[in-house]
Amino acid sequence: MATATEVLRPVTTREDKWRPSTKGWVARRAVLLLILGGIVFLTASVEGFWADRIARAAIFAVIGLSLNMVLGYIGQVSLGHQAFVGIAAFIAAYYATEKAGCEFEGCSMSTFITSTVFAALSGAIAAGVLGLVALRIRGLYLALITLAYGLVSQNSIFEISFLTRGGAGMPAVRPDGWVGDHAFAFLTLIFLAGVIFVDWSMMRSKVGRAILSVKHSEPVAASYGINVTGYKIIAFVLSGLFAGVAGSLLAFRNQNVVANDFSFVETLTWVLMVVVGGLGNRVGVIIGSAFFAMFGFILEPVLHWLGGLWGPLHFLEEAGAQAYVVIIVGAALAIFTIIEYPGGIGQQVSPITRWLGGQRFSMHPDGHGKHQTQASEASKTGVMGRLGLQRSGSTDEVTEASDETAPTSVMERATVMEQATASPPPPPAPAVHPDDEPVAHASGSADDPPGKPDPVPEVGGTDEGPASRKRGFLGKLGLQKNGAAQQEEKTR
Amino acid sequence: MRTGVVVGVIAGIVGLILILGWGDVEGPNGSIVIGLFQGAAYGLLAVGLVLVYKGTRVFNFAAGEFGTLAAFIAFLFIHQWKVVPYGLGILFALIAITLLGLFMERVIVRPLMHAPRVTLLVATIAFGLLLVGVELFAFRPEPKNLHPLIQGIDQATGQPVGPELAGYFVSPQEMVIVGVVLALAASLGWFFSKTDLGLAILATSQDAFATRVVGIGVARTSQLIWGMAAFLGALAGLLYVPAGGALAPGVITTQTLIPAFTAAVIGGMTSLPGAFVGGIVVGLLQQLALWASGHYYLGDQPWQQLIPGSADVAVFAALLVVLLARPQGLLGTEA
Amino acid sequence: MSFLEIRDLSTGYGAIPVLQGLSFDVEEGETAVLLGLNGAGKTTTILTIAGLHEAWGGSVTFDGKEITGRDPKRLVAEGIVLIPEGRHVFPQLTIAQNLRLGAWPYRKDRGGNRERIEQAVEYFPRLRERWAQMAGTLSGGEQQMLAIARGLMARPKMLLIDEASLGLSPKLTHTVFDVVRQINLAGTTVLMVEQNAGVLKLADRAFVMEKGTIVYSGAGADMNSADIRQAYMGAPA
């Protein structure tokens, strides 16, 4: 990369340059209420089986937010989420049925709450353990570990006979008063609202800013005194907590938990729905998840129509075909998103969400105002930021300042030197593989196609020039020497 | 050097167990033989993974589906349509999947060449899932049966064909796997040390910028790598599926991908001989875990019934331990 | 018509321009040197000529042919060979294998390559001593020698050498510069990017770059220490 220095970008700024008028606020609130009211009205007015599908969409949204916490906020891939959700679902059902005896006597609300708490705890503990592993193993290798964990759960834990009743499945009776599909859909929507609230309030707090900074660059965050380890674990635990809640809801929604609901196809679909929604973008992830949950049902009549249209297309009507089409279309959509629109749905709807958040309506993602949405942030930071994913073992990003091609290198080098002396050295990144870097260090600068967004302007572009002049000959010489020495060190 | 030592130690341990348990029908000897053959299949897939990692520094999670889809294509030609003899069906499948690998390189890998590796990883997952979807759509989830090259059971007598080793009948398919693995090991070793193209691939994995400096076309090596990886994945699927049982959508990903990755990681992720050795280690580990969990009791039940999937648990544990304790793998550096 | 003509070349990274209307010529058979501070755009210039960085505008003409924006693979075959900053040898290949890959466009010409290798090893006898050693285990100076030798394998008409002296001891720098002089005398045109002013000894022509343009050009021997100081400090001494 041409970027020699990394500094933490401000995640949110307190001062507002522009605030909407009272009228503007009223309009915004009205639209927001209209959207929320529309969802409630829709849920209440549709037929029962559609309400059940809305419940599924809401649960998917909770799962999406759970994955987003790991994938979008701290930039690590978890391919084992079906294990978190699945184990939680089995635990919830097991408690409700085997311990509280819901199977024949019906379930009280308090039993439902207790099951959900147990489920959430199980998810949090499992994810916390994964978080500990993730401190040492990152990037590609963590993805591998999580995939292995998911498959092991599928073949091992989900086969334990007292949990699955020998494969027949563990029943989970919905709580009294919420048995109907409409009522249960509202229950899931309430839980979704709660999860959104927790996610939102955490991300706008100090914790959230710290987590985002960890994603941007761990060593730099550490050098600013941010407890990288702690915040990473917090993110993992919260992700597991959400996954646990989702698992419990899924158990009671399905009313019978079977291992097949948590296959690896499912977990990969979840990852892709978050990618399509837009990593790190709350609204996008919710829309993306709901879309993936509902898409099949919307597709059903279409396929039916197509199948009836022409004899050879009849196979489209066959049982299950729609579920398979969902997988194909979903995967293709994800590939398309990754290559063409890395910001995902979230970026596409960001003009609206930013307007609702109290900014001017503008199609430009780099809107000037209170908090930039994650999508706009992603669009500015090059491919790395585009997917919001992080490389591992990135200590050298901080020290690697000898790239002469960087346009502001004198100034940048000065910044780096100051940083290196003023702040404690970043802890050695326990990267799994020293060769995890995609390409050798200097190649990036030569390979970057022009026009690709580059973080340089944010980094050192504020006021160089005069400052660099003032440094004088000795300063420059010293810096050059340092640069050369580093270069020599690097090649050793 | 290190490879020799590790292989020697492993061979020594295995030999010791074999000698100690000779003639004991209940003992682990049969499992060891199964593990060796199973491990050879893992090694096959692991080589493709290592190749892609060496060349493009990415984990190809679609590799398993190269194998499954290849088996399905062979099934389609040989058993469903019954239009070609067995060998030709296998050949068609190999060609189709190699082309698919080239397609994937062009459509997914090349546009994301400069993206972070984890982005590319998610893209390979998406591609793998796409293939699973296609398999489900075209062949439905019901398991199929792709026959082996030579039937393992004599139709006339009902007796297993092939030599008996420590109480286990080695099927012809398993001998084919071992033969292919040995031939591949030799030819890949020659390719990477003696040919210009092989050297170019090694060079790409070491310094991609420098390969451009010396004028090696990046697109060409990338194509070559993905084509070869797809071919090896397809070969692994075509050999493993008839030996390992039913053919269902996603079967190689769920059954073989993680053991193969573990094999590659044990070998250090960049070593081709390491991947073969790692495959054998993982195969042995699985079978020994299965044997032990079925053989040792907790109370009045064997472990296997209490906690199923001991083979997967063993692989997962091995993966975790190697990554935490010795991330460079047992066999260390590049081939 | 000069051997290498740079006209109005402009490029940059992201939205930030680095080169703005850069123009200079290098004549056949001479050694030219680009001097300048860090960030002046020297490496960017040389990478753009070598096709490893995309030009935004302007043209590069080599031996009468316009080569702007061509793939490095074709440029190497044409005879424009870069020896990059930081050596970029293949660390886990032997010296022999590194040299073999250096001759990539001529990989079919086994006999010619053997002769080339003899020549390269004559320039740098140290390489022969370490023939079967992995390049990554060599010292910085030996790696630089290998990088130059590898460049020679591609039968260059024009060598672009980026910061060959970086991180080398004065003695090694002298050796490397000496070999570059010999290569040049044997008929290869050379364009060097340097921060080490000692390079002026062998330069037929020198350019000083600042902020993406040439601010001074002249014969190498004409540049005295005052000029250099001016170039480096941006103020007359």
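Lettered A, B and C in written order, each chain numbered from 1.
Here, contacts are C-beta pairs under 8 Å (C-beta built on N, C-alpha and C of every residue); 3 or more make two chains touch, one makes a residue touch a chain.
Given the structure is predicted, the values throughout are model-derived calculations rather than measurements.
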| item | value |
| --- | --- |
| Chain nearest the overall Cα centroid | A |
| Identity of the chain that, by mean CA position, is farthest from chain A | C |
| Inter-centroid spacing, chain C versus chain A (mean Cα positions, whole Å) | 45 |
| Distance from the mean Cα position of chain B to that of chain A, given in whole angstrom | 31 |
| For chain A, residues that touch 2 or more chains besides their own | 440, 442, 446-449 |
| Multi-partner residues of chain B (each touching 2 or more other chains) | 206-207, 209-210, 212 |
| Multi-chain contact residues (two or more partners), chain C | 52, 84, 88 |
| Contact footprint of chain B on chain C as seen in their complex | 50, 52, 71-73, 75-77, 82, 84, 88-93, 97, 100-102, 104-105, 107, 150, 154 |
| Touch list for chain A against partner chain B, complex | 75, 77, 79, 133, 136-137, 139-141, 143-145, 147-149, 151-152, 154-157, 159-161, 264-265, 268-269, 271-272, 275, 320-321, 323-328, 330-332, 334-335, 338-339, 342, 383-384, 386-387, 389-391, 432-440, 442-444, 446-449 |
| Sites on chain B touched by chain A in the complex | 57-59, 61, 107-108, 111-112, 114-119, 121-123, 125-130, 132-134, 136-137, 140-141, 206-210, 212, 250, 253-254, 257-258, 261-262, 265, 269-270, 305-310, 312-313, 315-316, 319-320, 323-324, 327-328 |
| Complex interface listing, chain B residues touching chain C | 196, 199-200, 202-203, 206-207, 209-217, 333-334 |
